[in-house]
Amino acid sequence: MSVETVVPFVMVLIAALLPLSLLPVMIWAERKVSAFIQDRTGPNRAEILGIRLGGVIHAIADVVKLMSKEEMTPARVNRFYFVLGPFLALFVPLVSFAIIPLADSLNLGGTVIPLRAVTLNVGILFVLAVTSFHVYAVVFGAWASNNSFTLLGGLRSAAQMISYELGLGLSVVGTVMVAQSLDLGRIVEHQGGTLLGFLPAWNLFLQPLGFLIFLVCIFAETNRNPFDLTEGESEIVGYHLEYSSMKFAMFFMGEYIAIIGASAVTATLFFGGYQVPYLDTDFLRAHSTGVLRVMLVSMGAICFVLALLYRRYHRRLTALYHDRRRNEARMLGGMMLLMGLAAVVALLFVSPLPEAGGQVVVAAVQMTTLLVKILVVSFFFIWIRWTLPRFRYDQLMGLGWKVLIPLALLNIFLTGALLVFSGRT
Amino acid sequence: MESVLFWILSVVAVASAVLTVSRSNPLASALSLTVCLVAVAGLFATLSAHFLFIIQLLVYAGAVMVLVIYVIMLLNLKEREMKALGLSGPRVFVSSLVAVFVVALLARAQSGSGGFDPVSPVLDGSARRVAEIIFTSYVYPFEVVSILLLAAVVGVVVLGMKKF
Amino acid sequence: MIIGTENYLAVSLLLFVIGAVGVLARRNLLVVLMSVELMLNGANLAFAAFARARGVLAGDVIVFFVIAVAAAEAAVGLAIVVALFRKRGTVNLDRFTSLHQ
Amino acid sequence: MAATERKKTFRFSEKREKEIAALRGRYEYPQGLIMPLLWMAQYDEGWVSPEAMETIAEICETSPAWVYSLATFYTMFELERPIRYQIQVCHNLSCSLNGSESILAHLEKKLGIRAGEATEDGRFRLSAVECLASCGSGPMMQVNTEYYEQLTPEKIDALLEEFGRD
Amino acid sequence: MIEQVRHLTARMGKNNSPTIESYRDDGGYETAMKALAMEPEEVIEVVKASGLRGRGGAGFPTGLKWTFLPKEREKTYLCVNADESEPGTFKDRLILDFDPHLLLEGILITCHALKSDHAFIYIRGEFCRPYRRLRDAVREAYDAGLFGDNVMGTGRTLHCTIHRGGGAYICGEETALLNSIEGKKGQPRIKPPFPTNHGLFGKSTVINNVETLANVPLILRDGAEEFRKYGTEKSPGTRLFGVSGHVNRPGVYEFPHGIRLIDLIEDACGGVRDGNALKAVIPGGSSVPILTADEARELILCFDACMAAGTMLGSAGVIVMDETTCMVKALDRLTHFYGHESCGQCTPCREGSGWIAEIVSKIASGSGTPADLDKLVDLGRQISGNTICVFSDAVSMPVTSFTTKFRSEFEDHVNGGVCVAKKTTAATA
Amino acid sequence: MIGVRKIGRPMDLKERSYLVEVARGLAISMAHFARNVVKQDEMPTIQYPEEKRVLPERFRGRHRLTQREDGTPRCVACFCCQTACPADCISIEATEREDGYEKVPARFDLNILRCVFCGLCVEACPCDAIRMDTGKYELSGDDRGSLIYDLNTLLKD
Amino acid sequence: MAKITLNGIEREVEENSYLIRAAARCGVHIPHYCYHPALKVEGNCRMCSVEIEGVPKLQTACTTIVRDGMVVNTESEKVVKVRSEVMEFLLRNHPIDCPICDQAGECGLQDYYMEHGLHDSRVTVAEKVKKKKRVDLGPNVVLDSERCILCARCVRFCKDVTGTAELVIANRGSHAEITTFPGRPLTNDYAMNTVDLCPVGALTSRKFRFKCRVWFMERAESICPGCERGCNIYLDRFQNEIQRMKPRVNPRVNGYWICDAGRLDIDWINTNRLLRAEEGGRPIAPEESDREAASALSKGDEVLLVASPSMSNENLFALKKFSEKVLPGSELVGGSFREPWEDDGILRLPDRNPNRKGMEAIGIPTGIEKALATSRGTVLLFENDLLGDQPHLGAKLEGKKVIAFASNRTATVAAADLAVPVTSYAEMAGSFTNHAGRTQPFEPAIRPEGEARPVHEILHRIAAFLGSDLNAASFDALRSEMLEKVSALSMAVPDGREAEHVG
């Protein structure tokens, strides 16, 4: 098997596993961030051998709970669609990951290996197409539940998503025009380098209006606050009212995967994707050994700082608990210390890297960068949720049709005009 | 690889088309149709008509069918009514006769033409290429279609009003 | 096996015919509309296949227009269905006979 | 008082019966005789016993309870037991102005009982009473039926000694 | 020194004055003979002309009262109210003790006037010697044929029954007295109907005080004009004033109406004890409003002048208090009496008089509060006016007058001040 | 007639764009977030089973029946609490006692499962016999019967 | 008629009536304690003081007789003030007993305090006069002297109504209290009416003592089944149990009173009930018992139906109809099985069967002895305890099939072949016709427990088993049919009641 044949499979695997592995992190973050914003501590009680990881273990507990709960199917539902709903809810968002470039293509002795699962010349349109399929999940689930409330939720959801798809599509046009391509790879490449010498050449700065519209629309598309009218637990009760156990969990997970996917698309389109600010691929590849060293140093530093923090934490724990939980900080601190030491030791053995190795290191750095950007945008999703109140339905529709779409059209016009006047066509 | 894809997609397309027509539950029909449309989109992809592929997904599967399903749910037909509106024997018979006639007609026409050229793999149906043609040779039809869409939007809004 | 244009045409033909049967045989207005879409798809496939066969992108362009028109048609058609349903309480085609005369 | 304890019955003496017969004509209804009869019973026995009340009720054609209510309403009827010397010290305003409180205190000390109580042997009963219409010669007291006026502690000592003798 | 006018008390001080022999020696029962020869209406006219007013307390014209009897009546009773229980009053006892036949002659005449054949004398239960003397006098009178089926040979019937009370102040109230005779509890009746229409045993009844009836023979003997020579226009005749308290010579004095109170105290009674200053006087028995020394100096002792001075002549029991008297203590004595004597029929009186007694006693003992004083004043007002008889007013009047006229002393008691009369006899208990 | 009055609140452009206000809102929530991340110790959360809240003086916990000095219940079975109870959780049976107090409860059942902890029974009690000052709020049991407290249980605290 | 002006409104009132009564007739309630329409006027509570124009002092409305042209104000400032003051006096020695007092909830002091008092208490506990509590006045009445306001209603009742004068007020002033003569308890047969009369909680019923708070109870209007007087009563229920019986005012029948024997006879309603049908002591389902009864009746042999004069008119009528329509060959007789008692000259009448007149009117003949002697087949006993009450007749049941329709477990039930539970009078609607021929309706006070149903319903069901329609399932239909057919039973229109009085 040649590298060319293996890499796509690996990439598909990564594209599928990346959001799935981020899922528990997201759930944890959602709870923890919401708690902190509301001056609470959030989840912190589930433990394995005293290890709680600040509540991450709750994700496991949740899974166990959801899987062991009774699976209920209401009477007189359309079973096929009832199952199809959660299935689509989980897998449709997963697909959009396939097209995100995770790092610059490897160029191993002439063979170019794109580091993404699927390469399509209509890239961005694919994302839009896949996103539009998300609505089926909601609609089928809602309709199949044989319940007026879920149906209402479903209808609202369908109308909302179709409406905002328009704005979404139109807001992206600006970036496409700037990058002169629909291909996400091209769009990311175009965001390398700097703007006016000090800003990263991100579309965020080139397309601020487009970004805003995109952001609002992507919130609506993922049914997140302040547009979570589909769920609307305080009024109509959402489309997944009749779901329980794992089927509910699939909706639940689907929502977070959609957020991660949306974050990835946002990062790719507007935050320079895998691009490390100021440092383009060529520069990084040229200094790959230095990059590795810096990485190890910073990793070591982070580990040592964490170890120190855990030491302090240990004191608090021993004051509070009298069981095995009090040992958690010490164990984690030790681990951090070991990891830090490992980084230091590794630093001692770093030697100039070969070309291929350098490229892999750079790819890793770029993937990390993308990951960080995804997490930042995801954090923003959560942050917004605990800041803004929910929209009224007519406000939602008014915003979509009367504000965002005209603004998006204006954005296209302005971008076009600028492009024409700057002579970049 | 391509051929396998083709067969799979065409079988799915035809099968789901049959289901579309035969299912009494309109939502089932709609879902089948969606599957069919996705399959056809796949067929477009095998023809390397990438733009069509994505347009098919985006417009047909993503928008039109959602609209159809939306309306189906809105009307929320009762089970009994759905059954009453299912296929009926005589109609199927008559329409099948017509269908057979059409197929025979076309088969005969094709046999007269003497075969087709093989598919040209070099033709790239990417968005860029299609756009170039549309905005050059076909710019007037394009504008006409956009006016048509506008008219349709206005028409739908008027139809959707309560008083109508 | 090489997939030729005729294979695509065959699929297209089948889709078209099935759609036609649907239009003729069904009385549910919604299904009839969907069958029309089916027929359009059959046609589209034929256009795309011929475009490949001829090496001209005009086929793709036609498909593009057809899809656009189909979208418009679906929108208007569904709006009419909804309006009719509101007035008559049914989607049964046989009941819409006021223009028979 | 449980009914079983009271086996005795009360009868007026024949002399009294005659008196009663004479009085009967004076009162239009027999109930009017209740007070005179109560007085007679008290003269004869030194107190008004429950048996006497029942007998009176019978004579007066009313219920014993009715007689009882009268006997309790009027303070002069002795309902508990016979007492040899009823010492009643006026302590109303006029006598009080002239020092009846000290007289009462003196008596309490001498007899070893409080006003309103009787000595254990049943000889003396001391009570502070309201005006006995001898305001001009206060402080005064009444022992049984006799008035003793312009009292001083010395006078009382002498009197008690006299009572103690018989 | 002013001289007493001895009409009622003319025979007092004589030996054997209570006996019929002694009485006859002094011309007793001659008036009765004279009167029995007269028409009853004539007798009433004479009494009316004399202007004799009731000596029991209310001062109602006696002759007028007699005329209230309905013309058509089944039977008439005369009831003599000898239930003298008002603290400070001891005049009737004097008559009963020393001149019972004067009363009996009055009864004879009155019964003739009223066409009554039965007189009840309701004598106070505590009166033992008076009861004995009265009983003996009645016996003598029966033996002498003054009472019985053939009164003085006129062939008329007149009985006189002594009904002995049992120790209840309230029986001095006329309807209570009637109830008591009827063998009920001595609780006042609701008026109307009045006793003249529906009295003893449901028959027409006239109730008169001992002193009033004792005046009747004198009026008939001497004539109305002679009677009117003494006293004032509205209050003719002489009066027995029982003076008690802090005077040098307490006792019963007979004076015509209209003498000055200060003369009575300073002159007749030899002035206030120990030469102390006068502090207060209750002029007509304990239940009339008290007077301060200044008011007392101005007071003329007749019905109308007393009314004008805001008090009442009442039963003419004058209680004198000198400067050493603690007024709270004095009121405590009185309210204690009233608390003890309320008949318990009407709610305000039953609960109020006991309550007032409690409060005054609390204040007197020094554990009262200003709130108690306010409560006392309030209750004094609340209790009066809404009961069957006037007992509640009798409670109310001293309470109200004491607390208004000697407010500062009460305030001293509730505020922990010094009692003005720490060393006096009145405050020693 | 009930009507709806619409109150127009004119907004200027800054407000109408919402962006500034949204940003301010985000700043506020971020401030909270950041503060709580940095100063986790100062968060007001109490780690419940390990740490326990100091109850306010008037906290309404489980009921108890008070006793007189001689150990008898103060309750005189007046039914005021039963009358006042909106949840109908108290049921009393009165009886007479020959010695001492006239009326005493023969039975006093309090169904804590029904109780809404409104405290009206305490308000209603004329004898200060029922109180909710035990501070007990961890009320659980294995079966329903164990959560119906009887006279003796309620007297014990 | 006299014209008076009452609170500014001119009214026509009866001449020579007491003002309080005249005002009550005009709908003006004058608060009072000692006044009671059935007792002599005493005027001691002073609550009913009113202002009469031209009279300086307030007058008690209960002692004042109306005069033409009288101008009366019952709500003037002065009157209201005096009322509040009197309330203060009344409450002065009243203990704070409401929590343990049975009267709480229907107490005159509570009511008027809320209406006319509402002053803060100025009495300290030390100032109160302590009196005896929990005094046994007699077997049925308990006295609490502290609570007594000495209105003397009970005293007047015992003196004037029963003439026994057991109760008196002893002592005087604030120490006055109600008492009996030592050793002579309150034993007359109407003693418990004093409990009703008592406007406060001084007199309480021993039976009802501490049983239930009055505000929990709901009442139904009923008729006492104790004797043929047909006294009007209230049945007070709580938790589907009869808690007590109280007299209901009806001047034409019982006035304000009922006798104690009737009043205390409620325990049998709550205890020892037959709740399920029993066949030889074995419980069976209602349908089964119906079928059983029907099969016993359909055998064609002689059937004797024994009605009881304790049954309601409606049940008797249904029974009559049953015997005529469903079992034409059967014999229907009525019997009295309760020993007569003495006529006490007040309310109690000798015949202890409440509905003998009704049975006569419906046309059910007597003659049970003869009928029993001649009958051979099945005997149906309705609300008759033949074995328990009249054993010599019970012996004649030997060897016959006995079906007993009974509300309680009696000796007859125990011996019967089939026992069918029926409702007592407290659980159903119906009517009794009293000695004077007055038909008085009563309403159900409680729900029937178990499977007990009214006789007419059971008869209807049995008739259905026998194939005929008795048309007796609906009570209303049955009653109207009865009223139509038996004209003697026309219902008495409920008598206009006096304005309700305190206590």
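Assorted remarks:
The first chain written gets the first letter, and so on, giving A, B, C, D, E, F and G; residue counts start at 1 in each chain.
As a working rule, a residue touches a chain if its C-beta (ideal position, glycine included) is under 8 Å from a C-beta of that chain, and two chains touch if they have at least 3 such contacts.
Treat the numbers as computed from the prediction; the structure is a model and nothing was measured.
Shared contact partners of chain C and chain G, listed by label: none present.
The fewest steps needed to get from chain A to chain E, moving only between touching chains, is 3. Listing every chain that touches chain A and chain F alike gives an empty result. Across the structure, the highest number of inter-chain C-beta contacts is found for B-C.
Nearest to the global CA centroid, when each chain is reduced to the mean of its CA atoms, is chain F. Spacing of chain B relative to chain G, judged by their CA centroids, is 88 angstrom. Here the spacing of chain D and chain G, counted between their Cα centres, is 49 Å. Taking each chain's centre as the average of its CA atoms, chain D and chain E sit 24 Å apart. Rounded to a whole number, the gap between the C-alpha centres of chain A and chain G is 82 angstrom.
In chain F, no residue reaches two or more other chains under the touch definition.
Among the residues of chain G, those touching two or more other chains are numbered 169, 171-172. Within chain E, contacts with two or more other chains are made by residues 168, 185, 340-341, 343. In this structure, the chains touch in the following pairs: A-B, A-F, B-C, D-E, D-G, E-G, F-G.
Across the complex, chain D meets chain E through its residues 23, 26-36, 38-39, 60, 62, 69-70, 73-77, 88, 91-94, 96-99, 101-102, 104-105, 129-138, 142, 144-147. Against chain G, the residues of chain F that register as touching in their complex are 76-80, 83, 94-96, 102-103, 126-127. By the touch criterion stated above, chain G contacts chain D in their complex at residues 164-172, 179-184. Across the complex, chain B is touched by residues 1-9, 11, 13-22, 24-28, 30-31, 33-35, 37-38, 41, 44-45, 48-49, 51-55, 57-58, 60-61, 63-65, 67-76, 78-83, 85, 90-92 of chain C. Every residue of chain F that touches chain A in the complex is listed here, in rising order: 19, 22, 25-26, 28-30, 32-33, 36-37, 40-41, 43-45, 47, 50-51.
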